[in-house]
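Below: a set of structures, written as structure tokens.
Two complexes, one shared chain (subunit A), two partners (subunit B, subunit C).
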Partner chain A sequence: MTMTADTLGRRHDRRPWLTRLAHASEPYLYSAPSLILIVVVMLVPLVIGISYAFRDIQLLNPFSGGFIGIEHFRTLSEDPAFYGALRNTLWWTGASVLLQFVFGLVLALLLDKPFWGRGLVQALVFLPWAVPSFLAGLNWAWLFNPVIGPIPHWLSGLGLMAQPGNILSDPQYAMWGPIVANVWWGIPFFAITLLAALQAIPRDLYEAASIDGASWSQRFFSITLPFLAPTIAITVLLRTVWISNFADLIVVMTGGGPADRTQIVASYIFTQAFKALDFGYASAIALVLLVLLLVYSMLIILLRQTLLNKD
Partner chain B sequence: MASIEIEKLEKSYGHVSVLHGIDLDIRDGEFIVLVGPSGCGKSTLLRMIAGLEDVSKGEIRIAGNRVNDLHPKDRDIAMVFQSYALYPHMSVAGNMSYSLRLRKTAKEKIGAAVAGAASKLGLEPLLERRPKALSGGQRQRVAMGRAIVRQPKAFLFDEPLSNLDARLREQMRAEIKKMHADLKATSIYVTHDQIEAMTLADRIVAMHGGVVQQVGSPLELYDRPANLFVAGFIGSPGMNFLDAAYLGGAAILKDGSRIAVNSPAAVQEGSGLTLGIRPEHIVITTDGSGMRAGVELVEPTGFGIILHLSMHGLPVKVFTLDRQALALGGEVTVSFPAEHVHLFDDEGKRIG
Partner chain C sequence: MKQSLLPIVAHRLAILCYIVFALFPLFWLLKVSVTPNDLLYSEGVRMWPSRTTFDHYAFVLRHSAFPTFFKNSLIVSASTAVVVTACASLSGYALSRFSFRAKYWIVALMLLTQMFPLVMLVAPIFKILSPLGLTNSLTGLVVVYSAFNVPFATFLMQSFFDGIPKDLEEAAMIDGATKFTAFRQIILPLTLPGIAATLGFVFTAAWSELLFALMLINGNDAATFPVGLLTFVSKFSVDFGQMMAAGVLALIPAGLFFLLIQRYLVQGLTAGAVKG
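Let's look at the complex of A and B:
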């Protein structure tokens, strides 16, 4: 033992310094390509973005660029448009995720039952997911437009609307336009993941439960839901973060209007950065949104940990 | 507890027919074993009794009531699955009490029933555990516990021991038998293992190709198999079959050897038949009488020896308890005692 240790030690000492350096840096060299890529395209922009939040950066003002401390955040704390956007974000995210989840679950349960032509229907159901979001937004905007779209006429025919108007320009209901489009577009995500989880549940559990005397709803609550719970937790968490950041449909369909009634934080950032060209203020809002989402994710992870530990 | 009657029961999936008219009367408290090779329809029959498969034709009655169109939950039967099908999100106690909780049974009654079943099966220390924290044998016990807490009209077992190792299977087999002696509940047990069938059953139902081949007590099936299928399926190592012709009160084998048989009633001279004899009934003679056979293979089991012999090219298996020194390539003489020889006609049906 001592012999080997000795030889090993001496050999280590004798190696030329270049070889030693090469050996020491080997792991870093291997991981360098991806690390460099991550640093260049993610970390650097992130740091620059964060630094913008503390600087006065306006594209059209050549004298801007100076460090202003927390001035942006002071403005932000008194900005009613921001609080409105925050409220709208909650509303937009909550309604979209809930409806996507409920319809996605129903769809997954239906697709889990064997029927003729199921393969084709499954493929078709997942189509909306393949439509680019801005195209989906344009289409839905047209569908809601009484001049070319059928939806207002159907709604007034059903008596839900006094006369065929565009709900996208109705301050009271405008948010429902992008929400409906988002639900249509996002159902497949939930359906796909929940269907995969459903198909992993052993069939004989259902048989055992039905022999034990469980009705359909009792089987659903005592077998299906507990099995789906981890998948539901993860997908809802993911989608919540995703949707609260998802401004495409809103920018395309309403541009945040009418009167900021559909402005969410993400679209407000977009408006501030690319319409008002105030990158500093936009970065400050983005930083706040980032912190809020981080806190939300932490809470969910904590919740998950406690639930797992309880098991 | 209840009797179960099955009348002209048929099952088909589209054009494929898997059960062809099953008739079976199961008495109250009887232990029935459905046995047969995979694909013979035994599990389908059990699942139809449970209500997990629709009845294509015919009728199932439990305690005299037609149950064809009843949901599984309304048939008041319990089933033990091969995979155990325990609810992974419930504790052992939760698994066992689930059916009672669904029926809104009073809490004290549930507690008493679970405690009773747990003590019968030795599950008391495990009541709070989840199924994934249990061994295979313990899960099997929980599955049985879940069945007995309800005191149903009948127990159905779908190959409940197939996932256990040999030692545990033996032990659980004995426990199931004890439990049945204790509860006297009508039980239907599906297995492909003929040892389980022989040891557990009051009556065995041997099935093949969706048709009942024979119904009878284990010894009836062993001693007087109704046809070639039952003869070959029951017993291990399996029965030897030799083609023969009936001539002058004896069976003449292909190699010309004569084997004396108890004259069957209705056999024509010269007609072809199949002669069957169990390996354990063939006698190795020491005085040189009988037929000569070469030793091709020797399989010692510890308990006895399985000899693979060749009688002029006809393969014959012999099981003997004698630990004789038998060399490969050596020769022995064997005789077939007439009282142990079974005869089957060219359609495979038993003669006599």
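Let's look at the complex of A and C:
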């Protein structure tokens, strides 16, 4: 409606050109501050970062800075730490997203029923989401610490561990530490998003289904799930990308150790930039990660298109 | 009656499990922060120490750099929240009320910034800010955090503007107000809940940011709380009581803002999840 009104108005516009210019530039003026910030602080560094991937940039070496072509990528293709980080990223992202989603969906379903004290319960179970991520990481690192944390003692009490040890320094299980912390921290996000989607489902559908004698599982699979599907798809897609980039918990809890067993690509980039101060190599890894994520998003979009076309 | 009791009990039990899982780590943080040092090891796995003390808090507040970190984080997060909310209400309004040629591209650009790994920008941003004297400075952090949070905040504000009928400012403009006056005097006051939610979201996000703060700040003077706490942990890793007391303090502002925005969470995150 507005579009047509606008174009009609423009065709018969007899106002002076200055007023017309002011009118046309209005949305741009409103958007300008945000756009300038984004372009200067994100887009320009992104482009510079991509150029770094082809240059030798080391912060402590004043003679670095030269163009070296694809040298970094050649090193990268022979870097076992990178392949390890790639495997760990898959494991970290897959396990975190799956567990967050399952627990988040169950929580959303539980909260969707009206019961006494629901508001308070909702505030309490959503609280982890408000905890700063570095604190969530530290908090869980402390819980896993055999000196002050209870978890090692419980695990050994259950016979799962020979003696109370720190899971975070055990090469075989260390990744579970950040994953558990991530699940704890991320359940509320899934629950909140799915709860909002659940509440948008028309209630009479359920009533009609109950009258027709549909069981709980029938109602769930033929009403709830189809209605939730678009939200689930987009949330899982966005969270997958986000979690694979999310290095905070790992940097705080294990620093990528023991022996790089918890190093994901994002934390590897950070370690290269922050500890090794090798900006060129860090940018090369980042570029590879960016390409991988783009490929992933493209695949998802293609998959979605084919599924939509099939219907 | 007998038939319907079991699902209700199961439902409440499941809810209880979630509450325990959500709160236990925070409870433990609080517990260790009030445990006297001599009981820390002997009563390691007890649920509550036989004696409690606030010594750790007193030490952290009086004899450590944490009050400085706290102040720095407060300045950075509050400034970021204000800058972002101001920019995002303007750009959110533009996206909500105008249809213009570049709109599609602006939305695409903002979505793009939500997709690519921010950690990619660590090195270039350091290189750019360093000659400007903006490393090791709170201003630098505010600029960086503002840019990171503007896209999400824009979508959030847009969804709040979308909820306000267009007739309102059209009526004001018929009465002779310019679009900007209508925006400022009629629309903005109606969006106050949205503004509060955006302030809260951005404040919490800036309060939590760790990687860029670690990279851009060194030394205690400009350190934010995450950086300070992490340095403290790696330097004095035996003082668990003090660290956890500091942790509880770091939780306070985020917790307060959470209570403030709790009501808008479902609305806000839905907008964010759908659009970015």
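In this section, the second predicted complex is superposed on the first by the 270 of 311 C-alpha atoms of A that agree within 3 Å, B and C clash if a C-alpha of one lies under 4 Å from a C-alpha of the other, contacts with A are read in each partner's own complex, and residues count from 1 in each chain.
In the analysis below, a residue touches a chain if its C-beta (ideal position, glycine included) is under 8 Å from a C-beta of that chain, and two chains touch if they have at least 3 such contacts.
What you are looking at is a predicted structure, and each value in this text was computed from that prediction instead of being measured.
Following the overlay on subunit A, a side-by-side fit with no clash is recorded for the pair subunit B and subunit C.
Residue contacts after overlaying the shared chain place A:205 against subunit B, while subunit C stays out of touching range. Look at A:197: by the touch rule set out above, it reaches subunit C but stays clear of subunit B.
When the shared chain is aligned, subunit C comes close enough to touch A:147, but subunit B does not. By the touch criterion defined above, A:65 reaches neither subunit B nor subunit C.
With both structures placed on the common chain, the touch criterion links A:226 to subunit B but leaves subunit C unconnected. Once the two complexes are laid over each other on the shared chain, residue contacts for A:171 go to neither subunit B nor subunit C.
One of subunit B and subunit C touches more residues of subunit A, and that partner is C.
Between subunit B and subunit C, the minimal CA-CA distance in the chain A superposition rounds to 8 Å.
Overlap of the subunit B and subunit C contact sets on subunit A: empty, with no shared residue. Within the complex, the subunit A residues that touch subunit B are 202, 204-205, 207-215, 218, 222-223, 226-227, 311.
Subunit C contributes residues 11-12, 14-15, 18-19, 21-23, 25-26, 28-29, 32, 40-41, 44-45, 86-88, 90-91, 93-95, 97-100, 102-103, 106, 109-110, 113-128, 143-144, 146-148, 150-151, 154, 166, 179, 204, 207-208, 210-211, 214-215, 225-226, 229-230, 233, 240, 243-244, 247, 250-251, 254-255, 257-259, 262, 265-267, 269-270, 273-274, 276 to its touches with subunit A in the complex.
Interface of subunit A with subunit C (complex): residues 2-3, 6, 24, 26-28, 30-35, 37-38, 40-46, 48-49, 52, 57, 59, 106-107, 110-111, 113, 115, 121-136, 138-140, 142-143, 147-150, 153-154, 184, 187-189, 192-193, 195-197, 199, 231, 234-235, 238, 241, 245, 247-248, 251-252, 266, 269-270, 273-274, 279, 282-283, 286-287, 289-290, 293, 297. Residues 50-52, 71-73, 75, 77-79, 81, 83, 85-90, 98-99, 102-103, 130, 146, 150 of subunit B are the ones touching subunit A in the complex.
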